[in-house]
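These notes open a run of structures that come right after.
Here chain A shows up in two complexes: once beside chain B, once beside chain C.
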Partner chain A sequence: MEFLKSFILGVKSTLAVHLFRAKVGHSLFWVSAGFLLLVAAVVVSVSFKNQWNYKTLKPRGQAGFNFKNSIEMIEACSMALGHNAGVSAVCSAVSGANSGLMIQSGFPVFTKNVVFSVLLGFLLPLWCLTFAVEGLGSEREGKTLFWLFSKPVPRSSIYVGKFLAILPWVIIWSLGGFFVLAVCAGDSGIFAFKLFWQPIALASITYASVFFFMGACLPRASLIALAYAFVVETLLGSMPGSLKQLSVAFYARCIMFQKSSDLGVVLEQGGGYGDFSQTMAICFMLGIALMFLVAGIFFFGKIELRGQR
Partner chain B sequence: MGEIPVIQCRNLSRRFGSKTVLNNVSFEVYPGIIGLLGPNGAGKSTLIKLILGLDIPSSGGITLFGKTKVELGKIGFMPEAKAIIPSMKGFEFVAFAGELEGLKRKDALRRSHEILDCLSMGEARFRKLGEYSTGMIQKVKLAQALVHDPELLILDEPTAGLDPPARNQMLDYLSYFARQQGKSIVLSTHLLGDVQSVCDQVVVLNFGNCLASCSLETLVGNKENRYLIEIAGNQIDSISALGNLCIGTQDMGGFTKVFIQCESTAEINHIASQVLSAGGVIKKFIPLEGNLDDAFFALLDKQRMEKI
Partner chain C sequence: MIGVSPVSTKPDIVPLWCKKVSKWHGNFLGLNDVSLELRPGITALLGSNGSGKSTLMNLIAGQLYPDTGSIRIFGVDPWTWRGKHLVGYSPDLDYFYSSWSINDFLMRMACLAGIESKKVPSLVNEILDVVGLLSVQTTLLRRCSLGMRQRAKIAHAILMDPPLLVLDEPFRGIDPVGRRDLVQLLLKFQSSGKTILVSSHELEEIEKLTSQVVMLRSGRVVSAGPVSRARDRLLNKPVEIALEIESAEQIRFLAQTVFNYSEVLGVHLPEGKAHILMVLTRNPEIVFSHLVKISIENNIPILRLEVVDEAPAEVMESLFQG
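Let's turn to the complex of A and B:
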């Protein structure tokens, strides 16, 4: 009972103090903001050229022509074949279907190229580690950790309080960044944001737990977190086969795959994203977050304060 | 002294792998201001961590106020490092420390203002800590250690980086809290002058060993029949010739300061002739005045000589 009381006290005090005091001026923050601006600029330029569709892409398994060429060819064939009503009707139907596909293709093209690849594979881990690694890492560097440990509150409460304090920042920064990219992409992007904000928020929480653990318990945490983000999330996450299941992004993609499949849009066929149901993917992500939270609490309680004064 | 010791260490050791940071340290100190002295690497910070219960001894034990279980709520700790949250205002930081100590928000804020008033912080308390001078940061760090009205204050280098007036002011505060409010204070410092100014008791550590634990008076005060001889020439033979009369030495490069304790003033001539006959040249031979510097260095040199 005494422990619970001081645990709640520790969480409450740490959370209250640190909730509005995330360190936003450090170098990693500016790197994250820079990448957001860079990607947003690319998205704006693609939107400006009206390229969020299959116009410049080739249909699956078809070499040579892209969708736009196909429509032009069908129209040319229709003209060349003259006034045969049957042929003309078939050509019009195919051409119409292709045009319809092109108009509606903005969402899958944006999702595949921006959300699946750039956002989940690179930007999201970077944004999350920006705040999560700094959480207790800055306490360690600022030597406030030793001071905090001298207070009669359990170390676990400091860990949980700090984690809860950085969580809103991580989620707001992640969803805010996603929203900026979505707005830059226009209607397709906004549709994707409305459909996918929940898996992105869930992935942010999971990343926050992983990177917070690293910041609290490992030396040179920023470097290790960056290495993890690039090796596991960017490289392994985009590998074919089951290796990608090691990344957090995989489970977010599974949820997105299911959500878009429910609407009749199949994203990234053959990526293995259909093997996990939404519920399973959510459980996996929450499980990873919880596992790192518990591991963090355990190891943080064992930290030796050598060299700290 | 007949009272319960504030801190009692019994055969306290702390080893990190093959490195022994504290070696069989035993002492007991009583209410008052206690100076914890020692050069860098002496083991002071490790001892503080053990007292605060932030580390576990490899062997031996500590009791605080006669109890083996550390009650952190009874201790106020002021770390050596800056350890502040720059974006917080002074009074908020002190109140935050109070809340962590278990005070309710309202009480923590009230105590924060009381302590900051006591430390003459004035309107500065409403400014962010990132804008504070070193002297103000030291005051806020002292305030956060005092906010919950602890019985024991552990202060790690409280006067570090302060100019002489600020340092004197800090020492005055320490005296006030010890003498007027009855708090026991452990003052860990390199500055021997600070210890001599305010401390009642001294614990001297070096290379993890406790070289002395006694009242300041015992260490430096009773200098009857103690003398300082500065010897040049054949210093080694001269010191050997003095035998047990030598209670400490301090190598000064071209000469050695030798501290001697004799039975009576009648021995002085005999001692001088012993040194001269051993080939030493006496540069100075004066009665020793109460000076912590000399006593401290004598202790360190004595330990060095024993090792040789």
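Let's turn to the complex of A and C:
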């Protein structure tokens, strides 16, 4: 009971001191802000050219013609077969339906090309590690951990308090970045944001736990976190087969895949994203977050301040 | 009974109890089978660089965990959060949250220590007054002199009013007037019944504080006894004073003037630091008064004044060879 009281006191006081005091001027922050601006500029450029549709994309696995060319071919066939009213009507109906779909396809195109690949595979891990690694990593690097360790509260409470203090920054930065990209993409993007903000927020919390653990317990945490982000999340996460299940992004994609499937939009065939239900994916992500939180509490409690002088 | 004694009593009734404590730093044995028991009062911890003073203090403060043996503060393991209630530690590290002011630092440390928020401002003001930092409390830590940062560390150590104070090199960087004040402060703590373990190379100050000395060499306690023997060996140790002056012209004038005094053994300008003048003396208090006089008479503002007094390792070595 005494421990619990002290734990709560420790979490409260650490939170009170460190909440809204995240370091924003460090190099990783500017790198992640720079990438946000770069991707936003590309999204604005695509929006400006009105290219969030299948007009300029090619059907999967086909070289040469794009979707627009295919429809033009159908229309040409329809004109060529003009003497047969039945065939012409069918061709016109098919090409009209395809054209309508093509024009209205901004949401799947934006989701597949920006949210699924760039945001989840690259930007989100980078944004999350920006604040999460710095949480206790900056204390380690700056050799100021002593000031925390000398306090009469359990170390686990310092770890949890610091984690809760960086969490709003991670979530705000991640959702804020997603929102900026969504706004830049117009109506399709805003629709995607409304539909997917929850899995993105959940993935941010999971990433925060993983990267916060690295910052607190590993030396050169920024480099290790960057290596993890690119190797596991970007490369492994985009691999075919079951290897991608090792990445956090996979489970976020599962939720997004099913949310869009509910609307009748199949985002990616054969990716294995339909194998996990939304509930399972949420449980996996929360499980990973909890596992790293517990591991962090354990290892953080063992840290000795060697070489702090 | 005041001071240090061999381990005999039960650990839960003495302020500090160490039994057969050893600590490895990789392949290096930092502390070797140390047994110690401290009673209320001031005890000095002496030893050359690398003798294990800071390791022992870090163990007592619960920042390191002993590989063998055990340490208790009033029967409580200092590694645990309960133990942190009982010990105030001023380490020999100089890393701070540089963008915070002294006041911010202490306020936040008090908050982290779980002190009731409405009591924090008055407590911090009181402690700042005690350590003589009240008038400079808004100064950013990165702009503070070494002496000011030392005081901030001491303020941090006494924040929770713990019964045991562990002070690692508290006199380092503090000017003679500040040292006198610190000695008075520590004596006041002693009279209030606290147990204080203080390490220092400044035997003059140590002698003013206590006659109880624990000497460490190569991680072992070699003796515990009076400080007078050690004082004799270090009496002639010169001290270096660093001055920061605005213009190079004024530095040259000050160097020439101050060098004429017999108490000054030498002056020099460190390479790459155009505004710093180093003055070597065996009698810093008299040289301080000369400097103040020259500064006022010639209108030369002294921006910073610090005693750079890291005792040479060889002096301490000779002390422990005797």
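In this section, the second predicted complex is superposed on the first by the 302 of 309 C-alpha atoms of A that agree within 3 Å, B and C clash if a C-alpha of one lies under 4 Å from a C-alpha of the other, contacts with A are read in each partner's own complex, and residues count from 1 in each chain.
Methods note: a residue touches a chain if its C-beta (ideal position, glycine included) is under 8 Å from a C-beta of that chain, and two chains touch if they have at least 3 such contacts.
Bear in mind that the values here come from a model prediction, so they are computed numbers and not experimental data.
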Legend entry - When chain B and chain C are modelled together on chain A, clash or fit: clash
Legend entry - Partner chain in contact with A:9 - chain B first, chain C second, else both or neither: both
Inset, instruction - Report for A:143: first if it touches chain B alone, second if chain C alone, otherwise both or neither. - result: both
Inset, instruction - Applying the touch criterion given at the start, work out whether A:152 contacts chain B, chain C, both or neither, answering first, second, both or neither. - result: both
Inset, instruction - Could you list which residues of chain A make contact with chain B in one structure and with chain C in the other? - result: 6, 9-10, 13, 17, 142-144, 146-153, 304-306, 308-309
Inset, instruction - Over in the complex, which chain A residues touch chain C? Could you list them? - result: 6, 9-10, 13-14, 16-17, 142-144, 146-155, 304-306, 308-309
Legend entry - chain A contact footprint on chain C (complex, rising order): 25, 54, 58, 61-65, 81-82, 84-85, 89, 91-93, 95-97, 108-109, 111-114, 117, 156, 160
Legend entry - In the complex with chain B, residue positions of chain A that touch it: 6, 9-10, 12-13, 17, 21, 142-144, 146-153, 304-306, 308-309
Inset, instruction - Quick one: which bits of chain B touch chain A in the complex? Just the residue numbers, please. - result: 16, 45, 49, 52, 54-55, 71-73, 75, 77, 79-85, 87-88, 96-97, 99-102, 156
